[in-house]
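Just so it is clear, A, B, C and D label the chains in written order, and each chain counts residues from 1 on its own.
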Amino acid sequence: MTTTVILGVIGSDAHAVGITILEQALDAAGFDVRNLGVQTGQDEFVEAAAASDAEAVLVSSLYGHAERDCDGLHEALAEREIEPATYVGGNLAVGQADHETIRERFERMGFDRVFDAETDPEDAIVALKRDLGLAETDTERSRVSS
Amino acid sequence: MTTTVILGVIGSDAHAVGITILEQALDAAGFDVRNLGVQTGQDEFVEAAAASDAEAVLVSSLYGHAERDCDGLHEALAEREIEPATYVGGNLAVGQADHETIRERFERMGFDRVFDAETDPEDAIVALKRDLGLAETDTERSRVSS
Amino acid sequence: MVTDERLADADLRRIDEQVRSDWPTGADVDFEEAIAFHESLPDSKRFAEVLESADAPLLQPRAGVPRLDDQIELLRHLQNEGGADLLPTTIDSYTRDNEYGKAGDGLEDARETGEDTLNGFPAVNHGVEGCRDLIRALDAPIEVRHGTPDARLLAAITYAGGFQSFEGGPISYNIPYTKERDLATTIEQWQYVDRLAGAYTERGVRINREPFGPLTGTLVPPCIAIAVMVIEGMLAATQGVRSITLGYGQVGNFVQDVAALHALRSLGEEYLPDPVRVTIVFHEWMGGFPPDEARANAVISLGAATAAIAEPDKVITKSPQEFAGVPTQEANAAGLRTTRQLIDMLLEQNVQLEGVDRELNLIQKSSRELIEAAIGAGDGDVAQGTIQAFETGALDVPFAPSESAQGAVLPARDDDGRVRILEFGDLALSEDVQEIHHNRLDARASTEGRERSFKMVADDVDAISDGRLIGRPTGGD
Amino acid sequence: MVTDERLADADLRRIDEQVRSDWPTGADVDFEEAIAFHESLPDSKRFAEVLESADAPLLQPRAGVPRLDDQIELLRHLQNEGGADLLPTTIDSYTRDNEYGKAGDGLEDARETGEDTLNGFPAVNHGVEGCRDLIRALDAPIEVRHGTPDARLLAAITYAGGFQSFEGGPISYNIPYTKERDLATTIEQWQYVDRLAGAYTERGVRINREPFGPLTGTLVPPCIAIAVMVIEGMLAATQGVRSITLGYGQVGNFVQDVAALHALRSLGEEYLPDPVRVTIVFHEWMGGFPPDEARANAVISLGAATAAIAEPDKVITKSPQEFAGVPTQEANAAGLRTTRQLIDMLLEQNVQLEGVDRELNLIQKSSRELIEAAIGAGDGDVAQGTIQAFETGALDVPFAPSESAQGAVLPARDDDGRVRILEFGDLALSEDVQEIHHNRLDARASTEGRERSFKMVADDVDAISDGRLIGRPTGGD
């Protein structure tokens, strides 16, 4: 069983290194990763999620405009009647903001989980497994075969 | 006219570099400096001031015990019926204390001026000239001759 | 088809008019009147002269906030409390995308709520007069720093607005900064930016241009950065730019960084035509920072020490808050002062590192191979050749998000922490050079008892933020 | 007359009893029971073993507060948040003066008001059990750091209290720390301190002793520091100490500091008898700090970079708040992390500085001249010779407050920032060596267009806190 997840950097953000690392880690953990790359619009996230019946959408944003860029994403997903788990991570606000405030703000927007820039790819993998109800053995198997 | 000033590090404090620099600067500015060195007791300050009819007593303390070490100095001077200007300077409290609080505390103890560790020897010289009523020309003369 | 030739005056005028009609504030640009404004500025605000006549590395931070008065206050703080020699104005991301409408909304928001939702100064929206208010208010020269692939309107407005230095270039502000921009198009667009600087230069206003050396900021092998710098320098020189600052971002290995800065200077002077004054700028670590200010200070200090030894003309400083987000003005000034103290303590010492010459030779040889490959691919035309070279992968940048680059090159550190190339893709490096890289990385792999692999790359990307230089496997792996 | 001979067992016992009767807490010391306590400690608390088996420089801060629970909390913080490998307990100034009554009052005050009016931990007042509570509470080895000329009771109590490392020595804790102490007396007193450590050593508890290398912390020429270290090491070895850590304080010149650390290690190994394990410790800048945390971080980082290159066994870190007063625990931990990050980024790099060998030869030759002069002055007895040498000025320390030293030596930096000697007094250095110093300082004087003078010394004393290494005259002078 393969689990498809969508990954991308939203808006006009071009920070590519984080998703390159994430893609590689998710892939090694056995996920089927669709990496949309940087500077990806909301519509592209929604399109890709719908097209591949993805179980999760992972939105990355580093440059500080995440709030503006993500505004409306969950409504667009709802319109297409899909309900993937949605994660957002990176440097989500401009400046030296406190992560708790940011987390609340993005949870209110509909994200299931909000990650800061100290997030290790392993944290995302553990969360995905829990949220998508993947058994430990699934992953161990996939890890061996990868 | 020479103006005698007493200089020393009080208590069991052994920080010698600051008074070495101060001595040299005061000397170059034309003062007659009696440097009592480090680890000088209150009694030695009082004795020296009385003996040389000093116009100022400069107490240095770096190691954080100034308050304890200076307690009673002004009373001892009064007992000998001498009234030199009294300055204290250096790192006057243990830890990261704020200079305003410290200044007040030492002024209340009777010091005429309280200097922090950022003090340049020039600052002390300017203050001495003002407090002892030395004309600019006096010093300029002494500077030329030094 | 874009070639490396100077834009004709008629073309310059045509493009200029078209560009200025993109957004209402473009209409306020008047070249003659702008020359007069520049001429009215004191010597202390002439960027090129200040930079070129300095006898020790000048320090410049990055900084940009949406509102004009805040930007003035911020730059004053960096000058007075940080001791910055040269000032920056960093442009927001919407402006970089030419989304002046969104930038305007952000500016409005900032003005109304007092909260900054833009990550920089929207210079196009502030317009010529807004820029001049900024230039007038500060005492030091100010550079426009941005990341805009199509920076034509931004250049037209900020040059007229009194800025005398402008960062970026057709490769360095495309490949690391965008996904879908076509390289031929950005080269053409930057010909205008450079030609306009050239036009000012002809009138005695020597606008300084600074290609962005760090590229993706992440384990960029020196030869790649240097090749891109020299190429962008050549393109700018063709358009009449006469003050060019080539850049390089710290990789964290002392010997390699010192060697790379020497190589950058010598190749810049060799390849750029004589009337151009070449200066070099060193960027403190541009990759991921440690999530801890105390540790970040060590990264900044290592960069400052490198600068003291290599003596670039300018250093772009980082703040200890780099990891978390746009820094407070206090943290930004602190980064400047840490850098200054370290440079001033080391500068007078004669510090010579053994092995710099060997590394310098390798970097020069490799850079030359890449530059010549680009020139050769265009049969002598460096514009055409560069486009070809990026298409074929003969030139490439690691971690490049752009579809205009292969993005096939993968870097990794060797056993001494120098950045080498693990995957070359089609990079135009000779067998000799490739073998050196192979051998160095093999040595590391054997030290670590593991295969050379992407895991090594990922470990190296995280290493400095994890507190070390080389991403060795840790016990737990 | 004190000679460099091992104290007889009977003398040790006699002095021990006398010393322990100085203050009530002395009565609780029981040697056999103390051995049992040490034997009960896990390997991770055996100072000498942890230090001697490390494969990278270990980090140790300075820290001491009056109350036991506060000290435990402080050290936990430094270990957990700072990543300290070795922990300190810095003793307060009254204890250093053997004023246990005043120290007790200060401790009472601290307990009652919560305010710290003591500048360290009064270990004698805390007594054997208080010390053991501290040792038990922490996971790392802990050293007693102080500055006590007559440290006999402090040693008796802290050794019995479970500390396995003890800083100081008869010269290094006399000359820089006191005015009126007689050197012959402190040598005799430290023979007890060392002999007692030797007694523990014979029973398998190898107490580490660490002469205090930085001396007055202010422009100390390396040969002077090294000579004092080697002499104190020899005196300690005679008494049976088998783990000796020789120290050196950063002077801020890369090449000179690296050379000095190499010289310290090689001369230590050469002069100390074979059964002694010699390790070396590098102190980050011990002179006046900049009154600005950002700039202080650069000073700390320069020290850390030096440590990464020279690889001492241990580094004593400073905090960015050094200038202002005893640092907060957070600032202290920050100094540790800045140091760690810089060392870990540089350690794996093979950094070789040109010119280290030349400087190393000069330092070795000069140090040897001083050491041999001291040995010679005592006709082979280093205790006697040292007393003579300080009396005549053959050995001397700049800025020494002590009447036991001439204090005639004056140091100044040369044109490269290396610490040289401006006034030799009667220092036992050969004409050759003196000439080298003269020439270097003449070169500087001519660069600056001024005479060699005390003004140069004063300017150099302030230079680092003013933001540079060499105290050049500024425009205003």
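As a convention for this text, contacts are C-beta pairs under 8 Å (C-beta built on N, C-alpha and C of every residue); 3 or more make two chains touch, one makes a residue touch a chain.
In this text the structure is predicted, and so the values were computed from the model without any measurement.
Here the chain-to-chain distance from chain A to chain D, counted in touching steps, is 2. When you average the Cα atoms of each chain and compare centres, the chain farthest from chain C turns out to be B. Separating the centre of chain A from that of chain B, both taken as means of CA atoms, is a distance of 66 Å.
Centres computed as Cα averages put chain B at a distance of 30 Å from chain D. Taking each chain's centre as the mean of its C-alpha atoms, chain C lies 46 Å from chain D. Centre-to-centre separation between chain B and chain C, using Cα means, comes to 54 Å.
None of the residues of chain B touches two or more other chains. Taken together, the touching pairs link the chains end to end in a line with two free ends. Across the assembly, chains come into contact as A-C, B-D, C-D. Residues of chain D touching chain C in their complex: 252-255, 290, 292-295, 297-299, 301-302, 304-305, 333-342, 344-346, 348-355, 415-417, 464, 467-470.
Those residues of chain D that touch chain B in the shared complex are 93-94, 96-97, 99, 102, 106, 116-119, 147, 176-180, 216, 218, 287-288, 291, 321, 323-328, 331, 399-401, 454, 458, 461-462. Across the complex, chain A meets chain C through its residues 9, 11-14, 16-17, 20-21, 24-25, 37-39, 63-65, 67-68, 91, 93-97, 117-118.
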